[in-house]
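Below is one structure, written out as structure tokens; comments come after it.
Chain IDs A, B, C and D follow the sequence of writing; residue 1 opens each chain.
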Amino acid sequence: MKIAFLGLGRMGSGMAQNLLRAGHELVVYNRTPERMQPLVAQGAKPAASPAEAVQGVDALVTMLADDAAVETVLFGANGAFAALPAGAIHVSSSTLSEAFVVRLAEEHARAGHGFVSAPVFGRPEAAAAGKLRVVVAGTPQFVECARPIFEAIGEAVHVVGTQPQLANVVKLAGNFMIMALLEALGESYALMRKAGIEPLQFLEIINGLFRSPVYENYGRIVAEERFSPAGFAAKLGLKDMRFVLASAERAAAPMPLASLVRDRFLALMAQGGEALDWAALTRIAAMEAGLLSPSKDAS
Amino acid sequence: MKIAFLGLGRMGSGMAQNLLRAGHELVVYNRTPERMQPLVAQGAKPAASPAEAVQGVDALVTMLADDAAVETVLFGANGAFAALPAGAIHVSSSTLSEAFVVRLAEEHARAGHGFVSAPVFGRPEAAAAGKLRVVVAGTPQFVECARPIFEAIGEAVHVVGTQPQLANVVKLAGNFMIMALLEALGESYALMRKAGIEPLQFLEIINGLFRSPVYENYGRIVAEERFSPAGFAAKLGLKDMRFVLASAERAAAPMPLASLVRDRFLALMAQGGEALDWAALTRIAAMEAGLLSPSKDAS
Amino acid sequence: MKIAFLGLGRMGSGMAQNLLRAGHELVVYNRTPERMQPLVAQGAKPAASPAEAVQGVDALVTMLADDAAVETVLFGANGAFAALPAGAIHVSSSTLSEAFVVRLAEEHARAGHGFVSAPVFGRPEAAAAGKLRVVVAGTPQFVECARPIFEAIGEAVHVVGTQPQLANVVKLAGNFMIMALLEALGESYALMRKAGIEPLQFLEIINGLFRSPVYENYGRIVAEERFSPAGFAAKLGLKDMRFVLASAERAAAPMPLASLVRDRFLALMAQGGEALDWAALTRIAAMEAGLLSPSKDAS
Amino acid sequence: MKIAFLGLGRMGSGMAQNLLRAGHELVVYNRTPERMQPLVAQGAKPAASPAEAVQGVDALVTMLADDAAVETVLFGANGAFAALPAGAIHVSSSTLSEAFVVRLAEEHARAGHGFVSAPVFGRPEAAAAGKLRVVVAGTPQFVECARPIFEAIGEAVHVVGTQPQLANVVKLAGNFMIMALLEALGESYALMRKAGIEPLQFLEIINGLFRSPVYENYGRIVAEERFSPAGFAAKLGLKDMRFVLASAERAAAPMPLASLVRDRFLALMAQGGEALDWAALTRIAAMEAGLLSPSKDAS
């Protein structure tokens, strides 16, 4: 397939590489042009704008930070939307709000484009290894057309429905599950520390119980307070929680634990922690327990 | 060792059996005498009272429902405490409140008994297989004396400190980690169901992410609403949360997620769900989302 | 002054009447034209569209349900914005989101209009009596020009700042204070009822303590469950909480009690209670305490 | 009546004085004997112990800090319980836990004493002026016998039931209503301060809305951060919340706002604020919003 790829951050670069490896013809565009070089060296064609990138493609893949970034590359100056050929499919892999995906679906339908929402689970290493877990929703015919893309980037493909936004609800809820775990860890560690038990000793016991790489990984990050550089920034975690709660409101399904996590992120922002890893939300439980001087530690 | 074992519920029976298998001399006592028979058939000696059971023993193991049950077998009529030989060690494996364990430690010290707190992680099947995870705290000399007991019942022994109550804080926090997961699952499932996605489909994706047997197990129980018969009753879950929050107060460490879980249990009690499995706390998120008529379903 | 008034709901009608009484020349517009008649009978001039209403006016007053309604009358077909004379002042009395007011301020500044945000506290009876409490923010010169309007509709005028959105933050926080009281009442009443004490008996004691007409009024409404017809609909209460939490996020100031109230409203929506009075948020505490079968009572 | 009065703190001294003024024969006892002098100067008879104080009395009034203090004066060395004449009535005005009052009622009934629970609303000034609001529960015959006492100390007497502990549930819920208001104020003020509005300016508007002396009083205390010396210590506020939540658990009535307030108090304890006024719970909202360095300000 001829594919345009927009958004070459740490996740997108890995995904684009795997599309190249799978033999697809790739045109890339990134706001910071240097990030295109490694891919161009491997055979991708660079474009000067989103509009140029989508000339004559079968599919467009976007992997960007948020609703606003997608809005810009699609509908901004030299945006991809107007230039996307009729019949081409937009595969949106960003973690977006449900409402924005609903709007994208409507706009694309009106323009005669295909549209599939396909957010992914996995850290940058999984993206580089083609081992992402792809959550997919959209009209079955478009999903089938885009399947070679999912197979190139992921080790598992989960089709969850025909309405594109459903993939985003699932992705957001998955992120919520991780943030809920972080809050539970933060509260348990604060209790342990005040009772006189090392968090890592508690973690060893918890690992024996849960046997989950996610617990092992984040349990260690939090115990060792390795929040910088961020694997996934707290600011983006807050954005995700905002989207989770917007979906909760749409569905009229109260999520008090999600509300708690959001409030933790707001407190973290207020202490200046927006660039820390999202696991730093655990600092607020520590701060409340008197284990942290917020001004000192967050800087 | 000559060991008295009090409390032959589903957990205690398995633990007692493994002590027999390891070659210890066992005297058993249970309020409901029929539960002693399988062990007597395997060579244990039955006793008519806690006091009789501890005659001449090296150690006493208790595995009972709560503070009150331990209080009764130790200090009630024909209780074990007064009859326990000086120098014998009490190994307490029940999930008790921190404050009660502090009191036990003081009473035993005054009476010249050894005392080790050793609550366990694991379901009845793990108890039967000798594969519990034992969390231990107490004076090192007593812990060493009691080690053959831990090795007979568990596959892992974690010594977390010299003050006995620390083992209970760890055990309670571990249970809190599971209940936090349950609440997160309950909220996510409610959102999925209202958005039109099957909980089991969401679970499949979550399992790919967390790869934890605890998520697989409870994720399925909750999706299929298999809350009866209870593996661990909601009423006992509420008791544990009360103890967690009492420890949080002792330590001055606020745990808002623990407060939320406790409130979920209270709501479950108010719907008549005290005999359901503790995983039924997820029903409250469903009820709030309008997915459940509480009066109908809880009965 | 020559004033256009858009939005003749229960609040707006009273406010418009008092502007007439104060001797102002009034042009009115309402989507449902019948609501214009009583005012026309008193001397107001009816307009066929927002654009027509603002021809040649000194000021435009809007009193509408939400951001979307204001957006429509200003920027929709035959909207008021383009037709508003340069130099005229828009007085916005609706309870709007902070972000939307920021945008209004920017648009008006660009167009050479004055703009003052002036949301009000008070029920429809206070609006009819000219006894509203007006919270005002904007450029001092525009505030002074619009003062005759505030004096006609209110018994108190509070100028809180020069940035228009500040008036909305204050208004939203005031509504939050009432909703916080409602949640506290709901929880206390549920406890009383389950303990065997009549809510009205508890209220009598509370009234002796707080001596507040707000407590007396809502305390009685909640005790007697008079939620229909709504004085202020739950759906609008939820909207206000969304705006409060958006302001909390803008300011990085976590408001866990506001989050709780929002979740109560979502639960109320899920039970079908969107048209009930916002005081019906107290039903959720009752439902959780097992005092209410949600399906039955909410319908 | 001949009355023994135990507990001459700021509240008790005022109450005892009004009993003297009403013409009753008073015997007083206080752990710190100096506090008896002003009352002795007005005609009260001092006693050397609780047991001595209740010799030949018609009634015993206790006004003490908590369950433990009442336990000591009644059942400790030279305690009042054993010495209280059969047929005499114990009027308990302390804010106690429901469970402890249930136990007191049982013990007194067994001993042939009357027992009435009669906690009070009001600050020390109201106690001195005989203007407390007395919440009363107990067997009607005992309530009638004790009525002259209530009339001497209070301006209003509310009989809420025949089971003594009901008066305590009402008193605790009343205190919860105040603490709920404090949390709402704390969150609103934090939002105001970050938005650039003075708390006192917001308070002026809120006062216009609620017209309550409680809002005026606490609104000012919180805005001016006058938390020391404490009118009512945070440590006692936490105790009350513990009792409220214990009542909520007894009744199976979840109170998430009460849980939130309790967690605020725990955070305040963790910052070293136990001796501050209970209104200092508002500091936690400020701390989370980054407005307070906890270590610095709480000391």
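To be clear about the criterion, a residue touches a chain if its C-beta (ideal position, glycine included) is under 8 Å from a C-beta of that chain, and two chains touch if they have at least 3 such contacts.
Remember, predicted model here, so these are calculated numbers, not experimental data.
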item	value
Farthest-lying chain, centroid of Cα atoms versus that of chain A	D
Fitted rotation between chain A and its twin chain B in degrees, CA, nearest 5	180
Rounded Å distance between chain A and chain B, as computed from the means of their C-alpha atoms	38
Chain centre separation in whole Å, for chain D relative to chain B (CA means)	38
Chain B and chain C, separation of their C-alpha mean positions in angstrom	52
Where chain B touches two or more other chains at once, by residue number	194, 248, 252-256, 260, 263, 266-267, 270, 288-290
Chain-level touch network, classified as line, ring, star, complete or other	complete
Complex contacts: residues of chain C adjacent to chain A	238, 242, 248-249, 252-256, 259-260, 262-264, 266-267, 269-270
Complex interface listing, chain D residues touching chain C	121, 133, 135, 156, 158, 160-161, 163, 166, 169-170, 173-174, 176-178, 180-181, 183-185, 187-188, 190-192, 194-197, 201-202, 204-206, 208-215, 247-248, 251-258, 260, 285, 288-290
Complex contact set, residues of chain C against chain B	194, 256, 263, 266-267, 270-272, 284, 287-290, 293-295
